[in-house]
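Heads up: the structure comes next, in structure tokens.
Should a chain be cited, it is by its letter among A, B and C, assigned in written order, with residues numbered from 1 in that chain.
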């Protein structure tokens, strides 16, 4: 979500609404007869408006499930969620006359503040981070596919090395792991000619590349850092025969892709991690909101 | 003498005959070939005899051979040669009698072709009906009937396409799925195809409404299976006793280089297929049958390889090209360098401006292709097929049909408009733009990566829209600037995905979208053909296996249909909460980009 | 060698979006969990009949035991909802709930000047616009004293009374104890003191000669004291209980320390103003008549004179002697004649004394007002003095609180007052000398004492009559605790 000029109508609407509400509240608070309370006429109107905003915000998750019912694009609903959700906070404050009230209403207010603040934070993250991810992760994949992609990388690395140097006892463990995952053994060439440096390559592959690809989140491996990885492969290449240089380069490329996967994971968690606070708390908020509305009118 | 290949053992049937090279040369299509050519491939050809009711090949079966139905004349020549060599078994008298019977009818057909070519092209039943209609002209009626009878005699087999229909609601029949379907009723089947013809691996296109046609003597079928190893695209069942020769690819390739063969095939093409192809072009929509047939005889079919120049800027304008298959790029050299004016695709025409105004060509026209791909993804190179209409024929058409003249002049006016014509800013020759094949996209999907939060709503929306719950969109693909070009159908101007489908299940729908029907057999050809990974093979669950006469299907292709069955925008665009997904016509979207 | 990625459907898992990524089930679980937690929290309380979670704020100090007994005050369901639709039934029911405990202490006095506030809250038949207890005593505002009503609560109506009342006899714009607060009504209207007693304060405060001849300087406290009398009244003889004093006492409520002890003859005047009628003490041994009604005085006189007549027949004989006639003694006269003579003499003497008391300016006329009217028995009709004990119609003033200040600091006009009609109340400016916002510093300092409305305008009158019999049990108030002494006790 880029907060760009297309949000202007919403921004203007929200600011105008807050200003109007503030004026109404100020008049109401200063009035002689009625003090500002939640269930005074003005207070009730604020409360209902705040509840309506929060209900609309909550309905976004329901809206995502029934996409084929064309009642407004998701872009419009998302913008409404953002701005009306934000608007709910001042309206709720006006509704409660800036007091937190009893246990239930205190919890509600705290929840609302946490949710709105986390939403603002999330909006800021989702404004800034997509560009960052685009720039920092040129080889981006779908996040949910990253596990699968990692296996693809391992398979590709194995097939590269084995195509150049032939299988061996060192690569057996990796072969078994790949077979266990895919359900069929990886592709191996029929004829193998021993090439100069193949043992070195196999060692480098088995001792460095395989452990790294197995656990790319582990930052201890030298291949986890791009500079160290460059040095590693630059050091490796002279010890290999010229025909193996392309293989080494491809292995370097594979490691780079793996590093980008780590970066992508981290950025993705930043992009979406805040939702762990925002969404569950909002469920509690909606439940308590209804309870509050009913019980406040009951008493 | 050249070395011979190892002898081939084609699967044998009772009544098979293997022919010597000299005997083969008696058959008309082998006319012109040398014995030495044929000697190289012993056993690659076999003569088979079929009785009525026998099935030659079934739709979906694996196949790697082509069949040629022997003409009676061919058979006669063959038997006479064999008799001369003392090897004949069959009675020559019967064959001679049949040949005689056919002779008169063949002559009548020839006369008819010369005088009324469009009537000659009609099928047997239509000819009989026409004969009844023109009872006022007994000569014509007689000709018609004679031709019809000859044709009926020549009819040897029936080719048909089985379309097993499926139950309407797929994708879950559990309580929840049914409730949702009932509540929202939203998972609709895609629209029924509205194309008229289904191309098959044979000399005739089958009509979608009634996919049955007749095969006659002298026709070749199974060509695609033979050359490309595609599964058989239709079922051929013999209706009258006939002889066919079954040949392997090497023989067929020999034939394709043979002039006599090509002429015969072309004649058949023109008679049976070209008309329907011409008719499907917008410019010839209004033309009447008779004229169309005349035109069909006069036009030339030109095939260009990708990259070949069709005409150069400055050359004299002597013809008009209508694009039948493929795409061409129109560029113009100007003071600022070479600029792309337009990309034209199937159904459109080029070269009309110079022709109408009697000026030299104002632009260069080059045949274009999708990116070739590498390694596993190296595609069969597309070809650009053009119908060349010469100057005189063009003016003939234009003068006799003022509507067409008006249409062409309207198009010229449109093309010379300031913001459309040569003076308008155009996309410069961006090699990456071409490499990614972006200009093909009439509904190119782009995801703005600076807005996309990678929330996956678009993919989920796509899966939710389709009955089978499979996504047609994947957020994988190349980047162009800050856009991601995801793997989703972009509705190419020149769709190559449809080339080669053996069962004809992939075709264009009513809104120009690509549709893959239920009877896809999962051969992966369309998926491999698509240069942009827009078609994916989805494994079928055990309960969804295809029924009917086809082989076991374990996977099926799925392609984005642009949500044509819904009113409004595509689900992926609709579902993006961050306004990051867009579907654009690439030619106009990127038109304003200057360098 | 460029890496060949292969076909997409081999590279990716095509149904990845179905298998939720790791965090989705957790997130979904968290959502359900949070919602359930919230629901459980509210229902757990509700099931145990403890609705304290729904309270809109902490209870006041005095009502803390009711925090989880909402129904004690919120007797009507859907109170707020009914309010929204304009019904005041629920509010009235809640007021009745207040009165179930506080009814007695609030007091209901229709004649009270604060009747408006009270009657309308309690008496549904009152035609006045309705003001509920909660309008001023807002509960759920935290651990405060509920009875401490802030000024703002009063001012929000009194700032502009005509907003809520079309017409009002009261000053319509009062926004505090400032210039908008009207002058004390009696002073503003320049009404005279209606007491029917003649008193010259100036005279009494100047040096006077006492009965024993010494010079006396009276002070204010000799007659005017608030609070329980600690020292004996210097000019009174409280041991003499006169019924007339009790008569006055019955009509005045006991007001403890707020007001001055009402003026009584026996306490404040007697020492100097003896009703002496017989200096010699011959005929009236007490020398003075009691400070009683004329009828009682006549009875007293008659008694004493009858006694004198009985004991001193020569007085009668001397009085009854005819001119140049023979002397007679009462003993010689037949008894009836003697009685008649005695009675005549007593009557005559009573008449003489009464004349002395009522007409010559030495006794009653000195202080009391009465004209020439006589009642059927020939006795004067003396108006009750009706010395006002309370001057403020709608406020109360506590002299005990001001006991350290010299009386004349506020009642400055006393020294120059000679007539009873002088109202010797200090004006509101005198009050504002202290009861004003603190201003200035050092020499020019002023004000600083509280200006709270409730300081003077106590709202609820104290109860009159008998306190109703208390009937509530501890269980009623506290809720769940068993009465002391029973076996079952629930720990809270």
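As a convention for this text, contacts are C-beta pairs under 8 Å (C-beta built on N, C-alpha and C of every residue); 3 or more make two chains touch, one makes a residue touch a chain.
In this text, all values refer to a predicted model and were calculated from it rather than measured experimentally.
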| query | Which pair wins on C-beta contacts, A-C or A-B? | reply | A-C
| query | Of the chains shown, whose Cα mean is nearest the mean of all protein Cα atoms? | reply | A
| Geometric centre distance via CA averages, chain C-chain B, whole Å | 110
| chain A-chain C separation of Cα centroids, rounded to whole Å | 72
| request: Mind checking the centre-to-centre distance between chain A and chain B? Centres are C-alpha means, answer in whole Å. | output: 46
| query | Which residues of chain C are in contact with two or more other chains? | reply | 11-12, 17
| query | Which chain A residues reach two or more other chains? | reply | 142-145, 272
| field | Multi-partner residues of chain B (each touching 2 or more other chains) | value | 456, 459, 474, 476
| message | Which residues of chain B touch chain C once you look at their complex with the stated criterion? | response | 374-377, 456, 459-460, 463, 469-471, 474, 476, 487, 527-528, 533, 536-539
| said: Using the touch definition from the top, list the residues of chain C that touch chain A in their complex. | reply: 1, 3, 11-13, 16-17, 19, 21, 23, 26-27, 30-35, 37-39, 42, 51-58, 70, 74, 77-81, 83-84, 138, 140, 155-157, 159-160, 163-164
| message | Using the touch definition from the top, list the residues of chain C that touch chain B in their complex. | response | 2, 4, 6-9, 11-12, 14-15, 17-18
| Any idea which chain A residues touch chain B in the complex? | 1-2, 6, 64, 66-70, 73-75, 77-78, 126, 129-131, 133-134, 138, 140-145, 268, 271-272
| task | Name, in rising order, each residue of chain A that touches chain C in their complex. | result | 32-33, 35, 38-39, 41, 44, 99, 101-105, 142-145, 148-149, 152, 156, 246-247, 249-250, 253-254, 272, 275-276, 279-281, 283-284, 286-288, 291-292, 295-299
